[in-house]
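In the two complexes below, subunit A is the common chain; its partner is subunit B in one and subunit C in the other.
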Partner chain A sequence: MAGAIRGVCRLQPFIKTFSLISQQKVTAFTKPCNYQYQNACRSFTSQMNKLLSEMRFTEEHEWVRQEGSTPHVTVGITDYAQDSLGDIVFVELPEVGSQVVEKDSIGAIESVKAVSDVYCPASGTVTEVNTELESTPEVVNTSPLEDGWLFKMELADVSSLDTLLTEKEYKDYLHGLE
Partner chain B sequence: MARSITVLNLGKISYRAAWQVQRSLLQAHRNDSKNEKSFLSEQHPGDVLIICEHEPVYTVGIREREYSQDEERLKALGADFVRTDRGGLITFHGPGQLVGYPVINLKNYSLGLRKYVSSLEKVLIKTCEMFGLQGKTTKDTGVWIDERKIAAIGISCKRYITQHGVSLNCDNDLSWFDHVIPCGIKGKGVTSLSQELGRKVSLQETEPLFLNSFCDVFGCTLAADEKLAENIFLKADFIS
Partner chain C sequence: MKFLVKLLSFLTLGPHSNYLCMLGCYTHCRMGVKANIVTRRKYLTTGRAFSNTSVDNIIKGIVYHSASTDVFHNLAFEDWVYNNLDLTHSDVLLLWCNSPCVVVGRHQNPWAECNHRVVEGSKVKVARRRSGGGTVYHDRGNLNCSFFTSRERYNRQKNLKTIISGVKRRWPLVDLEATCRDDIMLNKDFKISGSASRLGRDIAYHHCTLLHSCNKDMLLEVLNVKSNGITHKATASVPSPVKNLGDMDARVYHESLIQTIADQFYTEREPLGKPVIYDVDPSDAQIWPGVHSYREELQSWKWVYGKTPPFSIQRGDDTLSVLIHVSQGNISGVIVRYVSDEILINSIQQLCASLKGSRFCTRTHTTNNAVWRFAKPTKVYSENYEVYSEL
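Take a look at the complex of A and B:
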């Protein structure tokens, strides 16, 4: 979602420059402007689709992205989760080095007046946490699948990823909640 | 068909005991065998709305590091001080203040957390309306009469089951709020139904209006469950 906005912003100065020259030139350049805008949107959409297709999901609305075929993964919350929470004001993350167990509560996200637990998607060791979120927790709202990642971990068993939901299974799960 | 919620009136009860009741209800909601069964699990209580009143207590949410210096000072005033897992900053509960803790499964109401908080605000506004008062919400959560806060909200959610809730000032002593910045919002005062109306408005008078508003907003029916209340008071070793 944030990427689409960036796509439009990149084109705004381009469009304004041409409108200063003359209205006719704006018309003449409208088609290329639209083409570049559409390209930006297409590129963002395909980027997002690729991102989602590489992820696994939990019923607690966490996403997990594996690095290649290694046991190292990144974990965050989905766009559905951040939207449902509202403006995020505080993120409590696990300690680096802690041993974590699948389905245990290992963190919390506070949106205005409400705290929601973050659950461990699989057992392993926490290797890194997103320290940016201490000063800018709102990044989880604006970029939940990328810059708003919560923590990284090394899985105890890579095959535990197979028990998580695929993108399609997660979408079906969301439909069931409506 | 309207969903049914059990009303559980715990009367005057310590904050810690009321929180333990909520945790027991939470455990009863969760069927996974990994979790320890609570003494209420056999009864399958379903969605519950706890109504109660506390002795003086200051509570803080998960951002409790901001209050590390305050605990001793506030306890010296004669209040308890509890660190909780809810959202929101510091608040006060005391005699004469209506406290409501819905322990409900949000999936039953198709509510995300933000909409749940907003629904609780609507319940409080409707309750104030029944007294002829114009409550409102602002960018600072809670319910306000002009620039004065009359009700506070702070909740948590664990796998769709809610904990903690709301407090509405009826005829409680507001001077307890002078020792903190309520909910971290500087420059704004607090008020109560009694203060706004210039007469004593008791918790007992407010409770049925609050429950009616809750039914309206959540589209549910409320019913007492004597057996559940009995179970809690007889079997819970944490209630003195």
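Take a look at the complex of A and C:
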């Protein structure tokens, strides 16, 4: 029995050492990776939150981002919209220089499911369109709030932005749709 | 008399429905096949936008059948319904067919999708619809069904189920199935229906074809496009083997199909008025104010061809090649590359200059060949060089 106990006692330090090593290994493997991943998530989330807080929205699921306090804005569709549309295969944009009127249909997005009209969020003049979407329309799916912007315009009346939904109001609107 | 009929219509439809679908005389009255509902045909002579309300949330429905076989009239009528009707509490089913034509999707390239050498000079028209999807060949043997609903009630599978249930109820031996791509397959192998849709703020429509006795030889000839040197990023069609419903049962033809589908439609919705098929003239601007402007736009070269996404077309061989860039249907640039001892730069540039800005069409292919013939060297010298002429 004494020999057996000794045998067991002798095993235990090995077991403890093994456990420590394995724990250290596990920690060494996950801790830096986990830390970087969490940091990246936090950074992305805060970027998104900042983006969303600077935007206004429409009930047609478009977003509008003003450049400073100028009448120049960028327009795109929300993540909810791109998700509903499915894989986007073609984006039809208005012509640069065209005068557009609030709530008019000024373009269309074709996905594998359907063609959806794009509505103008406010009246003004189109100053630039995202020409990248001609060759890579799928960017609207992957980055609807940033790289997948549709067009830029100069508002006829900057105060028309006040009639659009804030981020909170848009989220409440989405809750109502569910 | 008109007042009496109007009064009757209000009494029939109930206090909440304001749509005048009952007025008019019986210019067409045909007995439909008796299923659950007998569908007679009535001719609509007046009408106005829906402004019906419903306190009981029951969805109503009405079936229209277009009396026109002109593709532009019918597409214009779709636009009219899309832009003018309030379908909060009602659905509309439009049944229509066209004289021979090719209809391309909104963002497609008509030159890449159909054989223009067959189409040009024939009676086959080329049209572009507002919805997306691929290219289809229409003739009197191809029935189109357009389901108009509110945006919330948009549901393609439900619409396809309406068609399939109706057909199976009347012709039980016909094996039909809807796929996840919203096609209808016959005997699992043959496509008899394809779908496309347009979604708006408040209203949406899903339209689909239904082959029952189409001229398949003509279909294959028109849609057979051999490699023609076109490079494009437009939406491409997905070809499928097709068959006619009439091949399975000779009793399936236009009249019997529309009666069957209308019957099924009315079993799933409360009829807005009588459960009948209403014949409509889509070109009548008195009933449908503004429909002519839709037709003009849909028939214009600017819409049919000018809406084509930018593309390029190249022809040539080792000694000469011509690359033409086309944007909004117009030639935006020509690049000629040729090997020759004769310096023909001025002549080539003059020819290319005459092409730039002009509309692209199959005659340009001939012009393309003219450049090739003009520049082909007649003699071969010991020294050769390359010349690029770019505009």
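By definition in this document, the second predicted complex is superposed on the first by the 149 of 178 C-alpha atoms of A that agree within 3 Å, B and C clash if a C-alpha of one lies under 4 Å from a C-alpha of the other, contacts with A are read in each partner's own complex, and residues count from 1 in each chain.
Heads up, the rule we're going with is that contacts are C-beta pairs under 8 Å (C-beta built on N, C-alpha and C of every residue); 3 or more make two chains touch, one makes a residue touch a chain.
Quick caveat: nothing in here was measured; it's all calculated off a predicted structure.
Q: Once subunit A from each complex is brought into register, does subunit C clash with subunit B or fit beside it?
A: Once subunit A is superposed (C-alpha atoms), there is a clash between subunit B and subunit C.
Q: State whether A:115 touches subunit B only (first), subunit C only (second), both chains, or neither.
A: In the superposition, A:115 contacts both subunit B and subunit C.
Q: Which partner does A:38 contact after superposing on A: first (subunit B), second (subunit C), both, neither?
A: A:38 sits against neither subunit B nor subunit C.
Q: Considering only the touch criterion stated at the top, classify A:178 as touching first (subunit B), second (subunit C), both, or neither.
A: A:178 sits against subunit B, while subunit C stays out of touch.
Q: If you stack the two complexes on chain A, which partner ends up touching A:86: first (subunit B), second (subunit C), both, or neither?
A: A:86 contacts subunit B only, not subunit C.
Q: Between subunit B and subunit C, whom does A:134 touch in the aligned arrangement: first, second, both, or neither?
A: In the superposition, A:134 touches subunit C alone.
Q: Which partner, subunit B or subunit C, touches the larger number of subunit A residues?
A: B
Q: Using the superposition on chain A described above, determine whether A:49 touches subunit B (first), subunit C (second), both, or neither.
A: After superposition on chain A, A:49 lies in contact with neither partner.
Q: In the superposed model, identify the part of subunit C that clashes with subunit B, out of 26-34, 206-214, 314-322 or 350-358.
A: For subunit C, the clashing option is 206-214.
Q: Across the two complexes, find the residues of subunit A that touch subunit B and also touch subunit C.
A: 60, 90, 92, 105, 108, 110-111, 113-117, 119
Q: So in the complex, the part of subunit A that touches subunit B is made up of which residues?
A: Residues of subunit A touching subunit B: 60, 83-86, 90, 92, 103, 105, 108, 110-117, 119, 177-178.
Q: So in the complex, the part of subunit C that touches subunit A is made up of which residues?
A: Against subunit A, the touching part of subunit C is residues 105-107, 130-132, 196-201, 204, 206, 233-235, 309-310.
Q: Touching subunit C in the complex: which residues of subunit A?
A: Residue list for subunit A touching subunit C: 60, 89-90, 92, 105, 108, 110-111, 113-117, 119, 134-135.
Q: Would you tell me which residues of subunit B are touching subunit A in their complex?
A: 32, 34, 61-63, 85-88, 107, 110, 112-117, 141-142, 153-159
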